[in-house]
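After the structure tokens below, expect a handful of questions from me.
Labels run A, B, C, D and E following the written order; every chain starts at residue 1.
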Amino acid sequence: MTDHATDKAEVLLAVNGLKTYFNTDDGVVKSVDGVTFHINKGETLGVVGESGSGKSVTSLSIMRLIPMPPGEIAGGEILFKGSKGQPQDIVKMSEAEMRKIRGNEISMIFQEPMTSLNPVYTVGDQIAEAVMLHQDKNRKDAMLVATDMLRFVGIPAPEKRVNEYPHQMSGGMRQRVMIAMALSCNPALLIADEPTTALDVTIQAQILDLMRKLQKDIGMSILFITHNLGVVAEMADRVVVMYGGRVVEEGDVIEIFKAPRHPYTMGLLNSIPRPGVDAHVPGTPRKRLEAIPGNVPNPLNLPPGCAFEPRCKFAIPDCAKAVPPLEDTGGGHMARCIRWQEFAKADQEVSA
Amino acid sequence: MFPFLIRRFFQSLPTLLLASVLIFFVISLAPGDFLTPARLNPGISEQQLANLSATFGLDRPVYVQYFYWMWNLLHGDFGLSFQYTQPVLPVIWPRIVNSVYLVLLNLVFFYAIAIPIGVYGAVRQNSFGDKSINVVLYFLLGFPSFFLFLIVIYLILQVRNATGWDIPLGGMTSGNYDQLSVLGKFWDVLRHLLIPAAVLAITDAAGLTRVIRGLMLEVMRSDYIRTARAKGVSERTAIWKHTFRNAILPIVAGIGGLLPAAISGAGFVEVVYAYPGITPMLLTAITASDLYLIAGFTVISTVLLVIGNAISDILLAVVDPRIKVG
Amino acid sequence: MTAPAVARTSAADSRGMTQKGETLLEVRNLEKYFPIRGGLLSRVVGNVKAVNDISFKLARGEVVGLVGESGSGKTTAGRAILRLIEPTGGEVIFNGTDVTKLSKGQMRDYRREMQIIFQDPFASLNPRMTVSDIIGEAMQIHNLNPGKGRIDRIAELLQKVGLRPEHMRRYPHEFSGGQRQRIGIARALAVDPLFIVADEPVSALDVSIQAQVVNLLQDLQEELGLTVLFIAHDLAVVEYICDRIIVMYLGRIMEIAPSHELNNNPKHPYTEALLSAAPVPDPTIKRQRIILEGDIPSPINPPSGCVFRTRCRYAIDDCAKVVPELREVSPQHFKACIRDDVL
Amino acid sequence: APFVYPAAWTGEQNTANKRGGEFRNYTLSDFKTFNPFTSAEATSIPGTMETGAGLFTQDPRNNEFIPKMADGPAVVSNNNKRFVVKLRPGMKFSDGQPITADDWITTWKIHTDDKVGSNSYDTFFINDKPIVIKKINDLTLQFDFPTQSATALSIMSFAPWPDHVFGKAYKAGGAEAIKKLWGLGTNPSEIVSPGMWVLESYKAGERAVLKANKFYGDWNKDSKGNAVPYLDKYSFRIVADLNAGLAAYLAGQIDVFGASKADDLAQIKKAIDAGNLKAYLKANVSPQATSSWIVFNWNKSDDAAKQALFRDVRFRRAMSHIANRDAMIKLALGGLGSEVYFSTYPIFKDQTDAGLKAGAPQYKYDLEQAKKLLAQIGYSKINSEGYRVNSAGKVLEFNLATNSGNTVREQLGQIFKDEAKKAGVKVNFTPIDFNTLVGQLTAKGEKRPFDAILLGLSGGTNIWPFGVNVVPCGTNLHSYNNPTDGKCLTSQEQLMTKLYYQGDAELNTAKRLAIGGQLMKNEGELQPVIYLVGTNYHVTYNDRVGGEYTPDMMDAYYGSRNIALTFIK
Amino acid sequence: MGQSQLSVAWGQFRKNKLAQTGGVLLILIYVMAVFAPFLAPDGLSSYSTSNITRFHPPTPIQFRDPATGAFTRPFVFKYGQELNMTTFVNEYKPTAEQCPIYFGVRGAAYKILGFIPGNIHLFGTGNEKPDCNVFLMGGEALGRDLLTRTLYASQISLTIGVAAVLLSTVIGLFMGALAAFFGGFVDTVIMRLVEVISAIPGLFLLILLRSVFPQNINPILVLYVILGILAFVGWGGLARVTRGQLLSVREQDFVSAARALGASDNRVMWRHMLPTMTTYIIVTLSLSIPGFILLESGLSFLGIGAVEPYVSWGSLLAQAQEGGLSSLNTRPWVLIPGFFIVFTVGCFQLLGDGLRDAFDPRKRQ
């Protein structure tokens, strides 16, 4: 945490109006269309959203790993305050500079632990590679670091495991290896793109627990992408909700869960059963989930106004006219809905 | 490694055995028997015919003949070539060796051409270079190797007429071969091999290049390459260390299968180039119905192929740790 | 529900036999081993014990959840019950008949009564058939609603699952995941089954779509009085829809209990850990969770005794000795654990 | 005293006594053996090795036989039937063993053992009666001929092969042992030669290199007393076909090329004019001592209709009328060649002239005449496909085979086939393997396995230019009629056989020519073999070699040089 | 509105201009082959033995009268031929005589597709001047018109390969399905056979099989033999894939679904499993045809394929070697048939790639 714990926290990364487009045969896919958010030092920012809403593309844009072509960063800036102290715009960096940041100051772990490790190299090699790249160590020392990292992420018998190949490990194990690799150079920011989605609940619990512990130890910030609201609730300090390539809501995690100001967020929260709370009691009438009607929008053909308008039960004709602005509803809680004030009022009435 | 080799050996035995059965079966389909062509050859005496008939059990049923043949084969006796009135093995062996030279050099070129171009095409996907290479390769794919070779020869003739350079246009050695030093001999053979091997490689490489390009593209899209990039590795490392090694796995697995294709493919060029390899001899053997010689060639090349397959399995085990060895 | 026109087969004659609440399906000691071949002569060198001696009962009209981690044998159990894969051992008694003993022809009649919904909405529909072909195939096989009536029935089914009749002529790839899952449901319903195995019907769907399908299934179940074996690994969903829940681990049943009971009062250490591992979408709740150590052991060589003991924090030496049997510890609540002292 | 090669045998003498170097020849098919007794190839290793070994040799200036291995002219007695020949002393095989009368005796014995199957078998018999050779002493041989023979000196000039190799094996194992000797796998160091060359190395499918027999120079000198040959090596490059040979020649990789087509000459000429090749070229030096022909099989007891057809002289004359020799020369030989109507090659002009004078007929290209003849045989109707059928509806057809890989012969066959079609004859033409073909051609019996074969022959002497194994009945190349008993079928054959031996025994040249004329007349009327065309002889060689004949000595019979006097400039 | 898999693919294919071009060109080539006798100015084997046209150079078509310079009916000059005795080159020189070219002239008789008789040729010099000839692509070794022969050759080159592929596809499918369906012993036997066949180098197996048949069989039979041999050598790969695909499809959910509905094995096989092969088959067919065309041309080139009087592009190329490689210098036009191979194979490849892409869901949006 920062030295002015009471003051506004120090911003590590600020994404302003980021636009990442893909030029496909069928037209331009505006995967990320003016996304703005920031991450403070030491905090965990959860990003949730529909599949295809641009979560991964945002994170890859930050790493500048968008395949170009067909992708391009069409606008906006990504200000990163790395070890140099001064915020630098990642979008404008040279490839060489960028390589120094990747894996070193910002590192990333991915959704599929099964496919994210190179099958033909030992896990030790793969961790050591990052260490050698960024820490000026020879192979032997780097392998020692790798072993330490494996131990650090709780892999038993790391001395042995360091020489094993990915296929010799289970999914949870591999995700730990990924984390070890990502953390091997003490990054300031860890981007985790759905790191537990492919894992079993019990393993997910292990990994989440591990990440929390490591964050405490290292003090890095985490950009945590997921579509599991439970995971967000557990991991995040603040939350960004994305829909159709835009941020539709952003705010403190408790705020978001207690007082969502965007109908999509509301719908999302109501559409999932809560463990324990929603269990069916025989004899009682069954509860109903509040489903969000309709389908995920086609990224090629987003509605002109609010992207959620076609599925929104609160939609009014104005919603379709223009993209609503992202407005501050108070206390850094932002929402992109022209009717947020009404929701706020309704909320107050209910609680009143 | 060793148990793996043993197991590999035992696994290929049935294939070999069955292949020999097939070869024998096919040959015994021919009208008459092995000796029919020999009977027409005044150079082979009745006595010799009778001897052969006995050694190969030709008076017995076909399956017994097979065992005789197999038994002789295992003792290194492939039978008698009726054209040469000599045992098959010493007649065909030098030809096989010659073909193997050509095929090996061809393979070297083959990979030397296909790999860099394929990788380049993948790395610079859809660039002007990639596209023009693709067009050229596409064009080359349509060329039968012998036709390309005829054209190359036509061009070489033009060059030779214009410059007077001594570019070999056939055969395997120059006239003064026997007088050359060891190094000179080596260079002489190499000089003769260069053009056919290269032409062959170019036509074949067209296909492989496209395969490599496709495989590279596929691997480049994979998650672990993204992981590597996220680590901050350089472009070169990402391509050669991480992508390439994975992309060649299917190719390594196919090396064994490549050998027969290469041997077969070399055949056409051997014919055009009047190269003393297997195929020209086989072709004369067909017209002469020199069946033992044909069968001998086929068996040996099958053995070579099975060995090639084993080698590619071993190579695959070396580059891909997921394949268990041992 | 309209009475079918065609005379019903033996299996279906019994349709009236069981009343709501009576046992419709009983699984006894069901086993499914997948042989592993290896070596030179590709002999069987081992077995994947995917489902290892499981027994349970389903009452008519009941929705029962089957949960467990990946590889615990849920799918295998579901398919073995339907004889989509031949069980290695055990009995499946449907409506009084042991279906595992039936011949292929006899089994075909029973297929009308037992249907399945698949997890992957992309792989489960034949991409070369139109929606009406897909749904109509079942009727064609069993010769239901011949002639013009068939189209009407398909249209009716489509409407029932929330699609429009004009979708009939389309091909699967023209639909979104949620819509495809609806087609899959319509296909299962086309033969008026009594019993449906729903194998993770919502796991592959986007969060915002999941609720649509869950609601649909729930409505249909109530409307048609279906008996459902609902397979999932998301405990929250299972608790939400199911009357009772069966918890599996490594091919064995750990615990069976009514949903609310299981949630409030898990009796098996595994269930306890499972419940605790599931993240709760409420940032205000900060729980102390139980983190299971290690990975699931291989089903080829499951641990002796209680298969869970290697990760169990209550494990004692005795756990390795005997396979704990499934005991009723309180009404309707069964568990397979020798330690009654801890939970 | 050594044999001295006359100075006049070279147009340009090796005045500077240039020695060493290699003469690079080529051959079209891979060698099949090193064994002189089983070898049947035109260009063979033993045939090359034995160069310069023979009792007598013909002087290209006047066709006279001069003693070579003989130490002087033969002493003739017994009505020109007995020849006693003294051997030149001091002759040695390439392994240093002396060449003695035993070597001749052994060689003769083996050649005349029919179990060996030597190609020269027939040459040792005259009218089925053997020529007998006796050793008088180590350096004296006595030849007894059954009749007098014009070609006696030529017959006697076979090369002696070492008794210490073959004689030993023959005594021990008979014919089988001989056949096992000197296969391609034999180490060249074990090969022994009586002649100018001995095998040095052989690379299958590539080349054979022969080196000079170091003992040959002991008894062979040039006019200045220098040992010959001047050359060190004589090599054969094995090329796939004539085209490959031409390519090698144009590339300067071989020293001579047997150009036969205008195409070849054009390319050589072009290369010379462009300065890419320094070579000598003289076209149309003479006709070749070779011709192509088609033979019909008279022994087809399994197909009576065909047998009758082939035995019908009208049919064969019709076939000669069908052969468009002019087109064959223009198309297949590329414009340079000679039409042939007799077994006598056009190069033996004296004999052909005598034949024509005697009234030997030439059945020239004339489709109308052919049609008339065929109609006479009974093939008068034409079916829907345009082929002639007889009253029984049988199509007039036969199979014609030639050896594959010889494009000229394939084209000759093609032209013959296409012309035949114009006359309504269906020819099924297939090229097959050479050895198989020869096997079929030389097969004996009542049921020989072919209809018709298109092939060529070369060889024969200029003294009596009829084939000893061709003309007389029962010889192995009497290919139209070769029944088991070897009997003649027609009176003409009988007459030809008789005339053959009569001419062969006639020592007077004019009389011999007249007999030959009669033979040709008979042969022409019988048309047992349809002779087609012959190529012309063109001389071309690389300028690096010298020692060739004077231009007027060059012809297809003697060639362009004596290899002993050839040197590298 | 419904859209089947095929029509989706068709839609994709429609976007691929290159593949469509390939397809259209192929259709044209096949039409050309069918009407070869009509398109060809001459008969397949006709050549003159009186007016020698051996290696006649291509004759340029003239449109202007040389005297007046005015446009006339297109014509070629009649060429005179003489062997130049200093250069030994057979020289062809245009004479003053003009051979007008007519369209739709009568000439050599033929039967299109073997049963439609005719003697009209698209163009030619007619019968009035028998020594007149158009040699658009020059003449070959016997003076036959190379264009005519190339056109005729296309009939064989274009059918043998395709027929062999079709045949081997049928065999491969059948064997693969057998193996997958029966499993066990049948499976083992078939798969072993496939393995064994693929263990013998292809060309040698072809040569081996060819050597079984006598050399001097009927030329038309040779073609069937070659076809059969090619098919026999080629079915293995497809059988293996078919088997694999069927086995994997068997595990797919939609097949399980059908079985859950009570579908019989037959129905599952025919309605659900085999149709999954269509895509694969369409794609492999179109991609392996060029390979087989190349193979056929190769065999003919080696002289074990089409034999006289039949010609294929490969055997025409074999004849191009006549007179030695260096003679190519003086008559490069004999290489032209090779470009027909290249062109056809190229078209098939464009089409095949287009089809593959059209059917590849990954390349689809």
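Here are some notes:
Definition applied: a residue touches a chain if its C-beta (ideal position, glycine included) is under 8 Å from a C-beta of that chain, and two chains touch if they have at least 3 such contacts.
Source: prediction; values computed, not measured.
Taken together, subunit D and subunit E share the touching chains B. Chain B has its Cα centroid nearest to the centroid of all protein Cα atoms in the structure. Between B-E and C-E, more C-beta contact pairs join the chains of B-E. Look at where the CA atoms of subunit A average out and do the same for subunit C: the two points lie 33 Å apart. One finds 41 Å separating the Cα centroids of subunit B and subunit D. Separation between the centroids of subunit C and subunit D, computed from CA atoms only, is 92 Å. Inter-chain spacing, taken between the CA centroids of subunit A and subunit B, is 53 Å. Those residues of subunit E in touch with two or more other chains are numbered 215, 303, 321, 325-326, 329. Looking at subunit D, one finds that residues 244, 247, 404, 432-433 touch two or more other chains.
Residues of subunit A found to touch two or more other chains are absent. Contact residues of subunit B toward subunit A in the complex are 126, 221-235, 237, 242, 245-246, 249, 319-322.
Contact residues of subunit B toward subunit D in the complex are 37, 40-43, 45, 47-48, 82-86, 90-91, 94-95, 98, 160-161, 164, 166, 168-178, 274, 276, 280-281, 284, 287-289.
Taken together, the subunit B residues at the contact with subunit E in this complex read 14-16, 18-19, 22-23, 26-27, 29-31, 138-139, 141-147, 150-151, 153-154, 157-158, 161, 169-170, 257, 259-261, 263-265, 267-268, 271-272, 278-279, 282-283, 285-287, 289, 291, 294-295, 297-298, 301-302, 305-306, 309.
Interface residues of subunit D, counted against subunit B in their complex, comprise 22, 24, 32-33, 38, 40, 115, 117, 175-176, 179, 183-185, 200-201, 203-207, 209, 235, 237-241, 244, 247-248, 251-254, 274, 276, 404-405, 431-436, 438-440, 442-443, 449. Within the complex formed with subunit D, the subunit E residues making contact are 45, 47, 49-50, 52, 54, 83, 85-90, 141-143, 215-216, 218, 303, 307-308, 321-327, 329-330.
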